[in-house]
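Please go over the structures that come below.
Across the two complexes that follow, chain A remains constant while its partner is chain B and subsequently chain C.
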Partner chain A sequence: MSLFKSRRKKKTRRDVHIEQMAAIVGPDEILFEKEDLLSYDCDGFTVHKAMPKAVVFPKNTEEVAALVKYCAAHDLPFLARGAGTGLSGGAIPLNGEVIISLGKMKNLLHVDFENRQAVVQPGFVNLKLTNSISSKGYYYAPDPSSQYVCTIGGNVAENAGGAHCLKYGVTTNHILGLEVVLPNGEVIEISEDGIPDSPGYDLMGLLTGSEGTLGIVTKITVRILKNPEGKQTVLAYFDNVEDGSRAVSGIISAGIVPAALEMMDKTAIEGVEAGTFPVGHPKDIEALLLIEVDGIAAGIDEQIEQILEVCKSRNVREVKVAESEEERGKWWANRKTGFGAMGAISPDYLVQDGVIPRSRLPEVLQRITEISEESGLRIANIFHAGDGNLHPLILFDSRIPGETEKALEAGTACLKACADVGGSITGEHGVGIEKKEEMRFIFTDEELDAQTRIREVFNPEDLLNKGKLFPTPSRCMDIKTIVKDTVAVK
Partner chain B sequence: MAKSLAAQLEEAAPPCAEASPSNYLLKDHPDENKWADCVHCGMCLESCPTYLETGKEQHSPRGRVHLIKSVAEGQISVNEQFADPVFQCLDCRACTTACPADVDVGGLIEEARGQVRQALPLKGWKGAVSGFFLKGLFPHPNRMQTVGSFLKLYQKSGLQSAVRKTGALKIMPPHLADMEAIMPEIKQPVQKKFKDYKFVPAEGQTKARVAMLTGCIMDVMFSDINESTINVLTHNGNDVEIPKKQTCCGALHVHAGDRDMGRKLAKQNIEAFEDDEKVVVNAAGCGCALKEYPELFKDDPVWKEKAEVFSEKVQDISKYLYDTGYEKPKSEINKKITYHDACHLAHGQGVRHEPRQLLNDIPGVEYTEMANSDTCCGSAGIYNITNPEMAGAVLDRKMEHVPEEVEMISMGNPGCMLQMAMGVQKHGRRSEIVHTVQLLDWAYQKDKKAMESTTGKG
Partner chain C sequence: MEIKDIPQSTASLVLKDEKFGNSGAELAEPTSEEEIANVLRKANEEGKKVAVVSGGTKRGYGGLKDDYDILLSLSQYKGIIEHTAGDMTVTVRPGTTIKELQEFLSDFGQMVSLDPAWPEQATIGGVIAANESGPKRMKYGSARDQVIGLRVAYPAGTIIRTGGKVVKNVAGYDMNKLFIGAMGTLGVITEITMKLRPVPKAESLVKLFVPKEQVQVLKEFIVNIQDSMVEPASLEMINPALSKKLFNREVYTLLVAFEDVENSVRYQEQWMEEHVPAGMSVDVSQGDKAKEFWRAFATLAPNSLTDQESGSTKAVLKIGTKNMDVLTMMAVEETMTDIDQLEIEIHGGLGHGITTVILTGEESQVKQAIHQFRAEAESKKGYAVVKHLPVKLRKEIDVWGKKPSYFFLFEGIKKTNDPNNTLNYQRFLGGI
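Here is the complex of A and B:
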């Protein structure tokens, strides 16, 4: 009973597929009107947008399987979506897909402290796992910056990394078992009781990071870790990027494996300081490093001493150790909300995700500066310096005609620069739509073909998340080039 | 090749297509600069009570911003389907706190509601009921006082207990019956009590002079809190003026999309407090609305400037006391207390530490922090009347976090107080709901009594 409630009762002609899928999940758990679908036309990658046919919200594995079977039987393209924070467009319904949202499957099913593992549903939020077990002294290590909202299912699909993956490894190193709905609707369990290293091919490794092209994960067994005994965090300000980069190499080559080793450049600092979680970094520095060491309490002070030494030998302007958990928390909130904070200084951004050998950091950063100058677009750098995982954030305004294309071109150029020094085009954000063309920078046609054939084993009809991960000539930029070429030939 | 190229071009059309003209056809539409800050990162999702409840992105902050932007881009129009997510929003501003880029989602929602209500006015009995409360009642202090007198009569005459005994409440919608059950005892409004005062003088030496917003509902339903506010202010050396021309702050009107009425009330208040240097408010929702008056006058430079000057003067009572200093009471209040952050105090005005400090300065208080203390209780102005189901679900979630053992839950907003009282009743708890400033007042009263008895003896 409600007084003012303006409930709409719009009689829309529903197509038969909508009716049938509604019968599987229930009438309130399907969206199909344009206004409701709009929120699902992109994820954290906003350059491309496309409307889904419908969004469905299954509550359990059986419903997911039933939906997948229905889609497969009726030739309906479909894909899975978690919190939609992905940065490469993996959850964008390019082909008018039925989106299977796993947002309602968000429970922590079981925690086994004795065997240090937890079982979660795919829609369970990353940070919630740590929050649920921290009182017992445990945590879940992979910590993508979006961990406040992103789901573990999405983390598995993208093989997500994070600031602390330098020491602890990315998602794939923390997955012990998976329940997966295959593209034909069949449900399989991989390593059911979380027993590691089962014989045969490493299917878990193959599925983790497959970007939702091989199956839909419906249950995940993850490793949980005991909180480190000690932890110290250092903030270092540099007057030039080169000194900062050399300090990064210096720390690693001194034999220290920090839990995290992050870098931000001047433009990035401008962004985070204009955002919601400013720290008060000086405005005129060129680079900062955020360094964390953890582990057995005994060795930590010594490591911090060494880190301070390295920074000093690289002309650090100021370097300090966090004096309280509160201060440490402030530094991390500032860093982890860095991408979103770009909104405070630019209407749009495109984030790239190249990986390079650490020793090449200064020259690649120099090349990115040149790309920025050539394109006329500002580029901020916030990145996991310790593992050479760059995140150039290309700032642009999509309302200005041509700027989106310019940003895409600059992004491609950044990835080319990474590939040219022997690096890779993605560290943790995935390929999705965004970088599928750039796959050609690091793979030959034969290699791409071999990978496509693996996909065909699982997903022969290519109904699940079609058009992602591997190159096809479908980006508007490419088409423009094709049009230009075609016109020129005429 | 030609065919596939054409097909590809069509596929690629959306990102390359030129923006269509805006479908906001009326003045005072949502401000483009507000949504330009949103980069769709999704960091707001888990902060949003309606997203947590529904799991659907059109009911999330970034989903709503996306919809508001889509109307401006001409993709959808201002229709019922657009109105639903825009009006399901609690306007709790938790997303503003979570947002790395400080996107003003609340401001956008209020502007969008203005468009919806202009394009789709509430008709029939809904329009009549809304008009009765928002236009006919809240803006008129005299009528509010009359309603207050009736309610007082209802309680005092024994009619209330008769109604409760006979089960007459069962014919009311359940959520309204729930509200009747927690109706506070109606007392005399301070506007009436201090009618003949130019100002209520400070005890002892005057340190400062402040004006006080009495609020429309506050002064009828919670006049004892207004009295406590005056007591605490005068006790700490403030002359307290109660301008007679003041009116309802307009928050509920702006929340409901009636921005014209909001502007009218804003102008009246700006003028009523023109000569005052400080405007102290004890209701978080009202304080936040007063501070946001400039938003209402984007297209009116003269009033915008006046509104800016005015909004600078507005301060929540807890922040005012914290900033200007207050006497720490000596008497003990031996209670286990927790604190609930009203959305429009924590997210809306950034006031979090001050009320907690106030509580901790009262001897005897055993303070326990509530988990997720700054998530909405579901009151959200009159949201609990307009969207009872969602409000109830949000309240249930809130009650899960209230520590079992607390005897009192303190807060700084009348809407929250009613809602939390309902939560306590519904969940069979025994905690008493209090306004932070009441506790301080009670401690001072105890001090005075102690002083009287010692001087009496002496």
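Here is the complex of A and C:
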């Protein structure tokens, strides 16, 4: 009896849109009860939350197109969601969106080794691709640290990078073709079969990194690469950050293109050593570099020799080459779980994502130290030093009143420091909600307008992922009020 | 920051080009960004049409008009604006030729990883606007993989920056991509920032001569190379006609380039020699010899500066297919009849899927061949763009091929950037 009652109650709460969308995807492929929606109120950017209208799980492109057409016809705002690991709030339903989850479109459709390409559905998890082709000696190059869970669709939307992007490039350099559902529900296929340079404007390049505001990607053709023959990894400990930074420049100017060149500072090392994959790094060093060289085995030794030379000339305290695949694996696990490890030394952390010209590393790191002192918050740095992509991790405790605001302010100050040396406010995590206002640090109104006009070509009604990526039109908002806005919703 | 002005080129620009069109009634040769913006703004207000030209090698590439009101030449707008060796980035003006740029960078042991044709004449602005690439694209990628930032003068005269000066950047839309390969129809590129690579410490070129009857064996060998540990910078296949011209051997030739540290290059050469299937012969050129070859290779196709004598008709096709279908494109000629007055030279990259076909001969046979190559490419879901053809024929043959189903997006983008069709009107796909 009571069961019957609750069912009836649910029924009355279901509005007509829910019914209609359920008819498209099937009754089991839609969530609309508040308790079911809770886990969709944010993504990896957790300081901002909002409830979606519903979450739907289409199984194929036709269903995505039908859902989009439905939303467009009924003025319902909607957005796409992959694994929800985005760090800038791109998948947060600011306007009570219908969330179109690609989580059930997660198949590997085709692998073509001869032509070095694979075709995947958008919900296919990044690491699974490499795992599916590694027995043949192939891999998919872009390797965000979240690769064991994030989706390739989400990677396309964010133009995701990773530790090995220094040599091999980011997502956009590995995408060969896209099938996209446009915001009006029309399905288009760009560079079908991964054919290069398809005549016309490069829509594939434009869509990659558009943070889900121009269309929903439903099929992706990617380039796959052959595993390099050899690989060697070096770990170097420095007594000051300056020496570590100079070693980075030294390696790059020696004409070496390492596969990866990562740096961690003292606070970060404290975190990773307290985390799940400690390596036993000395506690009193100021910086470490993790450097990997790959390629033809016969050519690696001389590059490693050169790297060791550079490190020694920069007063390295200790430098070693991984002696086994196991040791190498340990070093990388320690690095790749670095963000999460901050949880071991701080209740909360906020990760930032600025980029600077590599040669400006010492002065920007110095500025970040000052920001830390000014805000009274510790800041750990774990980052892709080789391409100048910083990840200041601002440690804070949201239970202490005012500290979240302070953390957000410190994050903004870090981005300003990057912009001031001619850098960018984001290298791989995207703008989302988080860095909307900071877009003004690097773009003029006219430049922002040139971009929003392109959005209007694809998304004229602005129903798809509205309110992301671009600052609100009013000029020069005071940062403090933005922080208040953002936190108030929490 | 180092600033260096490169001396102005002596190559004079032909204002009038009866054969290739894309000319102008009036010539504007600005030497500053502000002047470029002013020319555009004024033309845009007065309803005039502007054609953009940098080196002028590509006047035979697209375009239905003989004359525009104004020919905006960027050949004098050149030079390196900024180069920070430690950041491995460079910012240049569009009129800088590829050769000038590479020579400047070589003093620092650095290079732009682009190897387009005609480096002495082709400018970085033209190469990027036309998205030109060469055989080593296999290893280094194309313009879209190197450009990290642009300054663009929009037709209304505003200057818009896209991207930035750092090598990794996802702030906002990747607007750089819009202008690469847009044939100057969306804005005039006034500054280009690119990422650089170190000049490889060693290089070599392994030439593999393959008798016609062994093409199938070659295909298997190419699959083996790709499955092996070697990392070629090119797998460029050459048809017998072109091979005859280059090496005086009427066989298929595969050009396998290696670029890395010395030990690695030697090891890979050796790998090739050890694995070459019986019946194919190998020739290795190292270092400067390899460089010399690539220099000559870059001047194979005619361009609108070189193709000025009358007589035979010349056409150049850019065909895009899946990598392995390049082999099919090589063989199209075998199914063709009525080609007695036609020379067909082909090279195509098995690691990147772009095939270049150079046709020289009697006009109707050239036209016929274009249709056949296009039909074959389209049957493989590919395309064939005619990237060099006299203007008279461009009016007869749609050089860009068919419009995609999403052409309305191209129209929308053009309209947004250039509502009055001021810039390079009708130069691009579908008459955009």
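For the reader, a short list of remarks on this structure follows.
The working rule: the second predicted complex is superposed on the first by the 461 of 490 C-alpha atoms of A that agree within 3 Å, B and C clash if a C-alpha of one lies under 4 Å from a C-alpha of the other, contacts with A are read in each partner's own complex, and residues count from 1 in each chain.
The criterion applied here is as follows: a contact is a pair of C-beta atoms (placed from the backbone, for glycine too) under 8 Å apart; a residue touches a chain by one contact, two chains touch by 3 or more.
Since we're looking at a predicted model, the values are computed, not measured.
Contact with chain B, but none with chain C, is seen for A:Lys34 once the two complexes are overlaid on the shared chain. In the superposed model, A:Asp75 lies in contact with neither chain B nor chain C. Of the two partner chains, chain C is the only one that A:Ile188 touches; chain B does not reach it. Once chain A of one complex is fitted onto chain A of the other, the partner contacts of A:Thr276 are limited to chain B, with no touch recorded for chain C. Contacts of A:Gly388 after superposition: chain C is touched, whereas chain B is not reached. The wider contact with chain A, measured as residues touched, comes from C rather than the other of chain B and chain C. In the superposition on chain A, contact is made by A:Gly427 with chain C only, not with chain B. In the superposition on chain A, contact is made by A:Cys42 with chain B only, not with chain C. Residues of chain A touching chain B in their complex: 1-8, 10, 31, 33-36, 38-40, 42-44, 46-50, 55, 57, 83-85, 94, 101, 103-104, 106, 123, 125, 146, 148-150, 275-277, 337-344, 347-349, 399, 401, 404, 473-476, 479-480, 482-483, 486. Residues of chain A touching chain C in their complex: 112-117, 136-137, 158-159, 161, 165, 169-170, 172-173, 182, 186, 188-190, 192-206, 208-210, 226, 228-229, 249, 252-253, 255-257, 295-299, 301-303, 355-359, 384, 387-389, 422-431, 435, 439, 442-444, 446-448, 450-451, 453-458, 469-470.
Residues 5, 8-9, 11-16, 18-19, 36-46, 55-58, 60, 62-63, 66-67, 70, 75-76, 79-84, 87, 97-103, 122, 126, 129-130, 173-175, 385-389 of chain B are the ones touching chain A in the complex.
Taken together, the chain C residues at the contact with chain A in this complex read 84-89, 109, 131, 133, 141-142, 144-145, 154, 158, 160-162, 164-178, 180-182, 186, 197-199, 201, 223, 226-231, 260-268, 318, 320-324, 352-354, 381-383, 385, 400-401, 404-407, 409-410, 412-413, 416-417, 428-430.
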